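Got a structure for you, written out below as structure tokens; questions coming shortly.
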Amino acid sequence: GCADTAEQTADPVSLLVAGTPDELAAYRALAAAYEQATPGARVTLIEASTAKDLMTKVSTSIAGNSPPDLFLINYRNYGQFAVKGALAPVTARLAASASLHEQDFYPQAMGAFRWQGEQMCLPQNISSLAVYYNRTLFKQYEVAEPAAGWHWNDLVATAQALTRDAGGRTVRAGEPETAGTPVAVHGLGIAPELIRMAPLIWSNGGDIVDDPNAPTRLTLDTPQAREVMQDFLELPRIGVVPSDVEVEAQDYEARFAAGKLAMFVSSRRVTTAFRAITGFEWDVAPLPQYRAPANILHSDAYCMTRTSANQDAAWRFLEYALSDPGATLMAKTGRTVPSRISVATSAAFLSPGTPPGRSQIFLDTIPALRPVPTIATWPEIEDATGKVLENAFFHGDPLDKVIRDLDAATRTVFERGAASR
Amino acid sequence: MNRDRRQLVLMLAPYLAGLALLVLLPATATMTMAFTHTDLIATSEFIGLDNFAELARDPAVHAAVGNSLSYLAYSVPLRLVLAVGLALLLHRRTRGAGTARAAVLLPGAVPELAYGLMWLWLLNPLQGPVNQLLLLGGENGRTMFGTLPPQWLTDPEDARAGIVLMSLFTIGETFVIVLTARLALPPEAYEIAELEGARAGQVLRRVTLPLLAPVLAVLVLRDTVASLQASFIPALVVTNGGPPPYATTYLSLVIYQEAFEYLRYGYAAAVAALTLILTVMAVLIQWRLLRRWAYHGLAGMGTHRLWG
Amino acid sequence: MTPPGRAPAPHRRRRAYGAAAVTVIFLSPLLLLLTGSLREPGQPPVIAPPLIPDSVGTAAYDQAIHEGDLVRAAANSMIVAAVGVPLSLLVASLAGFALTQLPRRVTATVIALSMLAMTVPATALLLPRFVLFRTLHLTDTLVPLIAPALIATSPLYPVIYYLAFRAIPADSYDLCRLADLTPMQTWRRMALPQVRPVTAGLAALTFVLTWSNVLDPMVYLYDRAVFTLPLALRALAAMDPHNQPVFLAAAVLTTLPALLVIGVAQHRFLHAYGPEGAP
Amino acid sequence: MTAGLILRGVHLTRGTIPALRGIDLTVARGELLVVLGPSGAGKSSLLRAVAGLDRITAGTVAIGGRDVTALRPGQRNVSMVFQSYSLLPHLTVADNIAFGHRIRGADRRAAADRAAAAAASVGCADLLARRPHQLSGGERQRVALARALVREPDVFLLDEPLAHLDAALRTSMRTEIRAVHDRLGTTTVHVTHDQSEAMALGDRIAVLRDGRIEQLGTPDEVWHRPRTRYVASFVGAPGMNLLPADGPLRPPGTAAGAELGVRPEHVTVIAAGSTTDGAIGEVERVEVLGEDALVHLRLGAHAVVARVPARTRPAPGDRVTVHVADEHLHAFDAITGERIPLPAEAATR
Amino acid sequence: MTAGLILRGVHLTRGTIPALRGIDLTVARGELLVVLGPSGAGKSSLLRAVAGLDRITAGTVAIGGRDVTALRPGQRNVSMVFQSYSLLPHLTVADNIAFGHRIRGADRRAAADRAAAAAASVGCADLLARRPHQLSGGERQRVALARALVREPDVFLLDEPLAHLDAALRTSMRTEIRAVHDRLGTTTVHVTHDQSEAMALGDRIAVLRDGRIEQLGTPDEVWHRPRTRYVASFVGAPGMNLLPADGPLRPPGTAAGAELGVRPEHVTVIAAGSTTDGAIGEVERVEVLGEDALVHLRLGAHAVVARVPARTRPAPGDRVTVHVADEHLHAFDAITGERIPLPAEAATR
């Protein structure tokens, strides 16, 4: 809080971001637009290529006492910074701001970055899971396209109907006449990860942790969670998802792009990549549900570092970045769903005429969005569960063992997370 | 004597300064953090041996130690044998030798990410050239040896073998060093062997290897050291530490993840310390084995200290 | 000119075949990168590019140079290499030479320290070094990337120089002492010229290491203006899969200077004194 | 009986320099041939050609009746002492000597025993455990010799094996070489610069010059009937004095364009005035070599060296009468350098 | 005038071997001292001690009156030919010769000119552009010599600089060394195994044995008055015959425990029976060395070598009468090996 407010042309605001070249280009455009809009202001972009590089840079620079003023981070990673007091809360600034108001943003996104009553960061986007599907395949095999409110079982049935061999015949695992027939098109692609299962468990009325505010363990042993897990881990046995060897040979994203995957559960991120597809038509559908609609929040936010010497200037930049023109610039990449309601509902995001045609579903699902718990050790929990789940998914471990393993692998991590708050 | 001694010290000084400033000092700093809880952001508190106690229980560390040691056991000898073989094959002026030398060096120059990607293609379980080659001689989807083709990316054993295979293509450094050492060997030694009718194997065993012994010893030690902290980037690209849970998780990966992804710097420092201890142990064991063998040879004809 | 080799013809032919085989084995995988880079960007990703490209285009190269800002990155990398590599060789050879002459105890200690230095995982050095350079206000400059030249890029190289200088006959050193050469002069006039193959080899290795150093720039460089090639490449690697050819094109471009240096250096390996390259 | 070693039209180029240019040479089985010649004449090259270490550019080499031109050195079964010793730096003296045997698969003990015996025969018995760089020059040379002699090859090739040994040792090593040679009956080619070694050791002597053989004959022949002026001046220490036929010494019946040669040993120097039979010269310099002295004389425009007993040597500046008996004169064609029979010589034929 | 080189109580250990054990030696300024000695005696070590290449363990070295014991080699201003040449493989012959000058900052052209001149003086003018590995053994040695002679040091140290040269070249190189030495007046220590070289070249000769100086004297003294039995037998090719005083030769007035020595040159061999004055022996072996022949005789239980003119040599198996004039006999203490004056000798004193 020792910023020199009077001096507008003081040090430039440094902003650390990660992303693909087109995203970085968008940030550059944003910075340029800001500098043009605000005479005398300067923004220094610190570019990292991946989220991991960004983490390395953030941590070394904070430890080296030269943190950036702002950095962009996913809320699943932000917990470590929030918990350890590395961030400067923006609650007061937001309240005092003339141009930014809390209600400009989706509350689900804002909530995810609130920590102990303080708004720690301001969300830049709000994404969620959707089912990407190959409409051409649906048409070719005369399968009904997914509709809002569809059940998990519908998804499985659809996937079964779309799992075909090279001759276009359906292939069913376990049926003797098709045994050993190589599958040319798989019905479904979904990564065996906790963050893919979580919305389904929520939808089924369960939860993944005992206490979302102060989690101490996974609660996958509840009947609701068990049912979802059971269904999920059954997918390979039914034969609608590619095997591990097949996934390693060609991952889901490439598979979908190559027309060999009828449906693919993913976030908004892959949209840009899929827009390059020319061979077939594709669209997005809502995530299937069990009892009630539920989805998981994917969001990145601008965070201000506590030791930043330039917080006022940084805030001024934030105000611009999250304003209509600023957010529109970022929305043009198509990678994310803007957190600013006005922009999300504008053509800048919905972009009629470019796939996916049903972009609206990303907005429709927002009320059903839930975040994962904010805990310092969340990345570790994801990694640890990912390993167990991947094994279970591809090698068909018994459910009880999977749940036990997941618990064993995460208990201490939760403990450490709890200890550090 | 003084002038010379002073100059010698000056000649050594930049390196020593670099060593102290860029390695020893930072390493010490990190190692002291092994006894703390450091998260790079806020806290740093002394916690004694807690980190070590924890890593003794950490399955990732267990797996990484095992993986790193098994990588060491396979890759070090294989790499050395291959590098020495290639250096001896290519040390003469023959047609194509120059191109071949460059070819051996080149994989090391390919950017790591691209190199990893390339191996991802090569080891592709279904359509990868490596498996296609293995399938050439066999039938019914079996290799020429009658086995099923290796599942490089999904089977833990095969994945580890794949990583070793990858390491065999980045022997440029060892290769070049052996090559230059070989070029410096006295031709007379080979004339003697030739006159005595020594067969290629005998020349290798009785002349070349003993003469190269000091260089080879250093290279063995270095490769041991390097293999315990094998650059994890290609492995990361290809196998991402898996197949799960930790089939190709090596110590270096654990350190990086703990330090910069999970922000558990103190714990990472403890793993680094463990790596250091393991390496020093491996090096000491090898040095005991190598010392007598490496004493003479290239170094044997060496100069005595002059300005000492 | 090739002097008559001693190996009889069949031997030499076998060696030539061996060399050809080595070339094929080591280069053919890399061909995948080349053909991959020649594909048109924006098309669906392939499982693996074919060894022989179906359609050839350089669009990926244009895009790489553009989007990756490769020209500027290459210039930065060049600066680092142009300063770092000679400096590194200088440090390595000076230290290696001094080791041959200093008392055995000093030598043993320094070599042990070098070994220990090699033992320290790179990741363990990252943070303290960052703090160090930060304190010196050197982050976001190319200095931290050149700095490893002070440890000869790899502590192995002074040891290699040490062994090479040790193998020079004692007589040659005696001669220099008689001529009242200082250690420095002895190094420059007698020792260094005699180990030219080592210098050439280590030059190639140092260049490759410096050129492809990615961990250091990742931590020390913030400003895109000082990004080096590996960083530019890393950015391109984050692109969507259908733009893989762009990344590959950049990778190929990044490799080319290294290939050039390796080619030149390997030419020098041959240039030793004596019938077989030995003094 | 086939010849031990035959070279036919052997040419050899080292780098760009023609080191051997047409060598025809037959060495009988069991013969010890000494090769003499000035520095750079191609002596070492000759041995290397026989050993196969350098590929010859033309000609054939046969050892023991077997054409070895195309064979590798190891297949030729020769044993060689290199001019520069060439010891393996990483092996002890014992291992160096035993190297050949070990390569041939000899048992370690047996090889060591033979090595020890060979080392003893060259007086290096107490150096067995040392390494080459711990030896003096002469010791290295003796080890190299031991390494060659320990084997039983078809041909010994010895390149100045005694150059760094003192006179006493050289004499005894010479005896050792001869003994080994006689015991094994091995064809031997021995390069030396030491005239007495050549004379004492050689069954025949080949004088090499510029890659060609200038004369091949018994020591006696080479000494007493040098085939060319070059051989005459080269053999002997110092070699023959050469004077024009119309110079101070003028034997009867010499062709006009000839050159006369006379060995220093045959130049008699008498205090001037005591007899008039001979030319008058002036002593320029006197070198005493133990029992003998070399007297450097000036006879008009010509320099002549005489070897006289040290006790009766003149002093520098003395004027002396120089006399040479006719039978000690040699004549050579001034242009071709070929020997021309003199009347005195013709008569003794 | 101060002495050119003084060694006092010099001890030197190489590895663990005491190579020099107490050398006291004074070489006058401008003197050329030849060092003789058996292989391994410490000759090279002596030169290295003077040059400062090896640190001496005791004693002092002074050059030109200046104590250099503590100085490094470069400050001693000596010029040395190494036994193994020690040419730098990466330099051409010209650059090798010019090495010292270039280091001292001489102008490139001037250094090259001097190098060319020096090369010409050792007959290597046409090799200037070659590198050492392209030279024959003798050529290398000459280049090494040229490199040493091109400088003007306080002391020349020459370690067998002519070992690989043929007799003719050796004679002319010997002259060259002497000429350079005389021109510059430089103190020179010259190691050689060649007796005639030692005799012809040396102002004085030091005979080294086992790291000690056995005798130091003019060539004449060493030859005619060997101080010990060892020197007697070592100098000469072959050296003196040594027989017990109560053996076949029995001069008047010899002590009982003495040994008698006689040079082969002084053993007269006459067909048996023509005179009875002398001992009767049998010819075992005859070696012809050009003009002379070595006759190996057996006198009862003793072996004796005689050097006789080749023309009058006996045949092996001949029985001959052996005669030695009394004045040619030397006597040595059988135990200490020290010389004992004989009556004949004492008389001439």
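By letter and in written order, the chains are A, B, C, D and E; residue numbering begins at 1 in each of them.
Here is the rule we go by: a contact is a pair of C-beta atoms (placed from the backbone, for glycine too) under 8 Å apart; a residue touches a chain by one contact, two chains touch by 3 or more.
If you want to know which protein each chain is, UniProt gives these names: B = Sugar ABC transporter permease; C = ABC transmembrane type-1 domain-containing protein; D, E = sn-glycerol-3-phosphate import ATP-binding protein UgpC.
The structure displayed is predicted, hence computed values, not measured ones.
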Chain A to chain B, fewest steps along touching chains: 1
Between A-C and B-C, the pair joined by more C-beta contacts: B-C
Per Cα centroids, the chain farthest from chain D: A
Chain separated most widely from chain E, comparing mean CA positions: A
Gap in Å, rounded to a whole number, between the CA centres of chain C and chain A: 40
Distance from the mean Cα position of chain E to that of chain B, given in whole angstrom: 57
Approximate Å spacing (C-alpha centroids) for the pair chain A, chain E: 94
Touching two or more other chains - residue numbers and ranges from chain E: 72, 84
Numbers and ranges of chain C residues touching at least 2 other chains: 6, 47, 126-127, 131, 169-170, 172, 174, 177, 234, 237, 274-275, 279
Overlap residues in chain A, where contacts from two or more other chains coincide: 56, 60, 63, 249
Residues on chain C engaged by chain B in the complex (per definition of touch): 2, 5-7, 12, 15-16, 18-20, 22-23, 26-27, 29-30, 32-33, 47-49, 51, 90-92, 94-95, 97-104, 110, 113-129, 131-132, 147-152, 155-156, 158-160, 163-170, 172-174, 177, 182-184, 187, 195, 197-198, 200-202, 204-205, 208, 211-212, 214, 230, 233-234, 237, 244, 247-248, 251, 254-255, 258-259, 262-263, 266-267, 269-270, 272, 274-279
Sites on chain B touched by chain C in the complex: 3-4, 7-9, 11-12, 14-19, 21-27, 29-31, 40, 86, 89-114, 117-119, 121-122, 124, 126-129, 169, 172-173, 176-177, 179-181, 183-187, 190, 194, 214-215, 218, 221-222, 225-226, 228-229, 233, 251-252, 255-256, 259-260, 265, 268-269, 272, 275-276, 279-280, 283, 298-299, 301-308
List of chain C residues in touch with chain E within their complex: 169, 171-172, 174-175, 177-181, 185, 189-190, 193-194, 196, 273-275, 279
List of chain D residues in touch with chain E within their complex: 14-15, 17, 36-40, 43-45, 83-84, 123, 134, 136-139, 141-142, 159-160, 163-171, 193-196, 199-200, 219-220, 223, 233-239, 263, 265-266, 287-291, 294
Of chain E, residues touching chain C in the complex: 48, 51-53, 72-75, 78-80, 82, 84-86, 88-91, 99-100, 103-104, 131, 133
